[in-house]
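Structures given as structure tokens follow.
Same chain, two partners: chain A is paired with chain B first, then with chain C.
And now, the complex of A and B:
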């Protein structure tokens, strides 16, 4: 029997989730001009979480150091704008490029580490970057660096950044969806579930894992670049703050790692909690910790993972099901 | 001479670093729990110590005993009520639960104590020093170093000479065989977590006597503890202690050479050790070699 793509692909419903999310988010953007900042932050954190989910949920590499790419993306953007005087929107390319290059270097150091070793190894690298940028005089050392805003048209700036954030979030969601439905996605999930088994049927384990790592790094870099572009300033303790990683981890794990819907849900829960307790200072953090504990106890696969197991709902179906056998095959 | 002095001071700090790693190594070696809240346990004990010393007339030794007992109870409860529910080959639920706990503890500490820096005052001992060959070593760091050695020796004794210690090691090696011998794996785990948190708490008290801390000190200690454990090799007490000494010496000597770069050189040394070890990792703990 030949494996073919699941019925969802033939069904017009396959396009529905994409259309729905595009319409939903675009509508949100039009309705929410009151608090664009929050919406932008949500979109960017969501993109980071989905990028991280591609690595953790689909290859099983649990990174504790993706805040490295947030900071790198931010520094790459601001420093190229300041040094070359080019448009900050073009400099986003530098954010992605630097993150891809650094990710490739990191792979040289980390490629044989697994499980907790990988998690800690990349965390140490991220912390080293924070310390290095704190020492680097040209990059403003620990004082940080302010974006040279002379090339920016202030009238359209906030709107442009917002639309870029929306574009990044949508591209990430749809891009990972398409990627995971492709052969690469199938290979990644095979590696996650059984590395030796995957290798024995001819899947290039190292190459596929590298691809997922580099893509997730680039997404976090772009999101970090955009976030700090909107702030116009970055310093080492903010850009390389472990808090970014904690947010990402919370969102993916509570929402449901290894599902494309999980990070969406997780982002809503995280920001929902934060806004709900906005007047009570940092109280939301205590509730955030409690939520993580309770969800992991009741639903170790995250909220969406649990829903999916019970109802078999899939908005973004990436499953392959055995298709009908055509005569002659 | 100043380099020799730096190395000696590094060894003193390193003893404490080894102790940071010990609690983490026990929890990982026996229960396979990657305890992200480890750093917060250290800081929590430090705050508890400060509170008891300022609010009650108890002398320091009694405070240490109180904090140790509270820490054992906390570790026991954490394992018995929460972590025993997520046992299994997948370490991620345990990691996320302890991460949630660490967020809660950190922010609860901020709410209660504010985010100012604190430390435990130990009176005249703070400034006393020993001088020999033109070098000076603080009495307090020396005492803390000795305390760390005593705790390592005691833990080693517990693991090799007592029934519960042997049960810990057996649980790490093969819990199914252990259960056929009539031990309840969950009770063993709870006791082991109690011990691990007690050791972290004692490390926290020693830290508070040595240097100042804030509610946000936890993450940094956690990273140090991870580095110590990975440098020393999981499941080896001696490795843990030597890993701590190594990291302490590298940091203090680097700090002497370049006042801004101590932790950075610590990270660098961590990676050098990893590369030298050819990344030939083994996850099987071997308490026997301890």
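And now, the complex of A and C:
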């Protein structure tokens, strides 16, 4: 079914993805010669945060266990490259696939849990995976696995990983935008706001929620796979480090959950703080915590959430409007 | 006339307590069936069984000659059952327009222009001018209107209205009765209501539930006048109870 969007000749919002691609690519080309590593990490963490935001901010499931997918994506990629000798770029498919499959198994275990029970349940599963990989001899147990260096072409490798990270970030942003503007987006937000009310207007709650969970898992898996591809090595305490989840949580909460702009802003703030206090050691963690607390007190909906509430600015608007109001209304 | 909804010996038990006890009735398009009964009579539970929130222990629910007893809630909604809950369930983060559109695009009638349909519904309940406001910020009366609009967004065959007149002013009750009278032309409407004169003005039949069982069913005036109904309301006349 195709929905028409109002009577406007050209919907200015429709060109936004194109603008985002153009800005992203030119920013990428500018950053590329300078500090690729940091830019790449920012793009990947942003993608994770936006994927998580789809689940938490738009579907209403607060996951504390998405680091599971970062680690799984990394292991899936490195192990398939080492075992099958295929190109690491193709192995990204394995990262996504493994995360989708594990997400489906998790749903079987967690599908009756809501709110804090879900959050803690998935956290336990993520930590169980860390312990499992720590015991798994073939996957290097607690020592981790090193990527078979013969699988990569060192000359172009760093550039390729960077452009893939940029592609993932852009695809995530535009994909979420398109998804949320569709009928499915309406369903997800209805489920977030009132699960029973959503079912009563014909929305398949379980199926839509599952879709959001699987998509967010796949995005985190791809980002995790790319990140650990760039460092050529993964171990359980790094790949399944809850610090990934904390980063995501900080970025989305500070930026604004349930907004598409929030994670962009949050990522800039997170890395800005980190670079600013790079030499300050543990002091940095104190500043990070303080920032999170201050933002939550002053702007419970995140910084972009507050800006949006006051100004009604939306760079990526997913609001449905029935077109121009008729005269006399 | 062929009934839209046919309920056969529907039963729901919680432990040893039978909340809905062997209830059978029908509702056809073009009529409004009123349901009254004291608190705890099982009225809302009956609605839960009809819209699929809750599974019955026995009995059948037929919609347009199809057995929907075991269909999940969202599939029943897609077959054209719309429900206005007693406590409104708005999608707080969505606009009034999106609240209604969500039902239109997921419900039974997806062929027509969905946005126009959503606006029509909002105009019918008098919310069209507030369509761009967030549903979470609406005052109670508008939430009640929105709840009715959401029921209409999917309820192309059957509308279940659970105390939609509660808390409205006299004037608003009259407006609501007009809306229901317009709706029942092409829908089957079942309306649970404590405000007796509103129900009398819209219902073609009234069914009285008491301890989960059907006590009487018949034309509104006869039912309201019957001694047994007066007694169920513990000797308080229905009109006195409603006028409080």
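Rule of thumb we're sticking to: the second predicted complex is superposed on the first by the 298 of 329 C-alpha atoms of A that agree within 3 Å, B and C clash if a C-alpha of one lies under 4 Å from a C-alpha of the other, contacts with A are read in each partner's own complex, and residues count from 1 in each chain.
One rule holds in what follows: a residue touches a chain if its C-beta (ideal position, glycine included) is under 8 Å from a C-beta of that chain, and two chains touch if they have at least 3 such contacts.
The model shown is predicted, which means the values in this text are computed figures rather than measured ones.
In the superposed pair of complexes, A:156 makes contact with neither chain B nor chain C. Of the two partner chains placed by superposition, A:90 touches none, neither chain B nor chain C.
Contacts of A:19 after superposition on the shared chain: neither chain B nor chain C is touched.
By the touch criterion defined above, A:276 lies against neither chain B nor chain C after alignment on the C-alpha atoms of chain A. Of the two partner chains placed by the overlay, only chain B lies in contact with A:300; chain C stays clear of it. Within the superposed three-chain model, A:285 lies in touch with chain B and out of touch with chain C [touch as defined at top]. After overlaying the two complexes on the shared chain, residue contacts for A:190 are found with chain C alone; chain B is out of touch.
When the shared chain is aligned, chain B comes close enough to touch A:120, but chain C does not.
Note for the complex: chain A touches chain B at residues 62, 109, 112-117, 119-121, 123-125, 127-128, 131-132, 134-135, 242, 246, 249-250, 253, 257, 282-283, 285-286, 288-293, 296-297, 300.
Residues 28, 34, 82, 85-86, 90-93, 95-97, 99-108, 110-111, 219, 223, 226-227, 230, 260-261, 263-264, 267-268, 270-271, 274-275, 279, 281, 283 of chain B are the ones that touch chain A when the two sit in their complex.
Residue ranges of chain C in contact with chain A, taken from their complex: 51, 53, 72-74, 77-78, 82-83, 85, 89-95, 97-99, 101-103, 105-108, 110, 113-116, 118-119, 128-129, 131-132, 135-136, 150, 153-154.
Note for the complex: chain A touches chain C at residues 1, 3-6, 183, 186-187, 189-190, 192-194, 196-205, 258, 319-323, 329.
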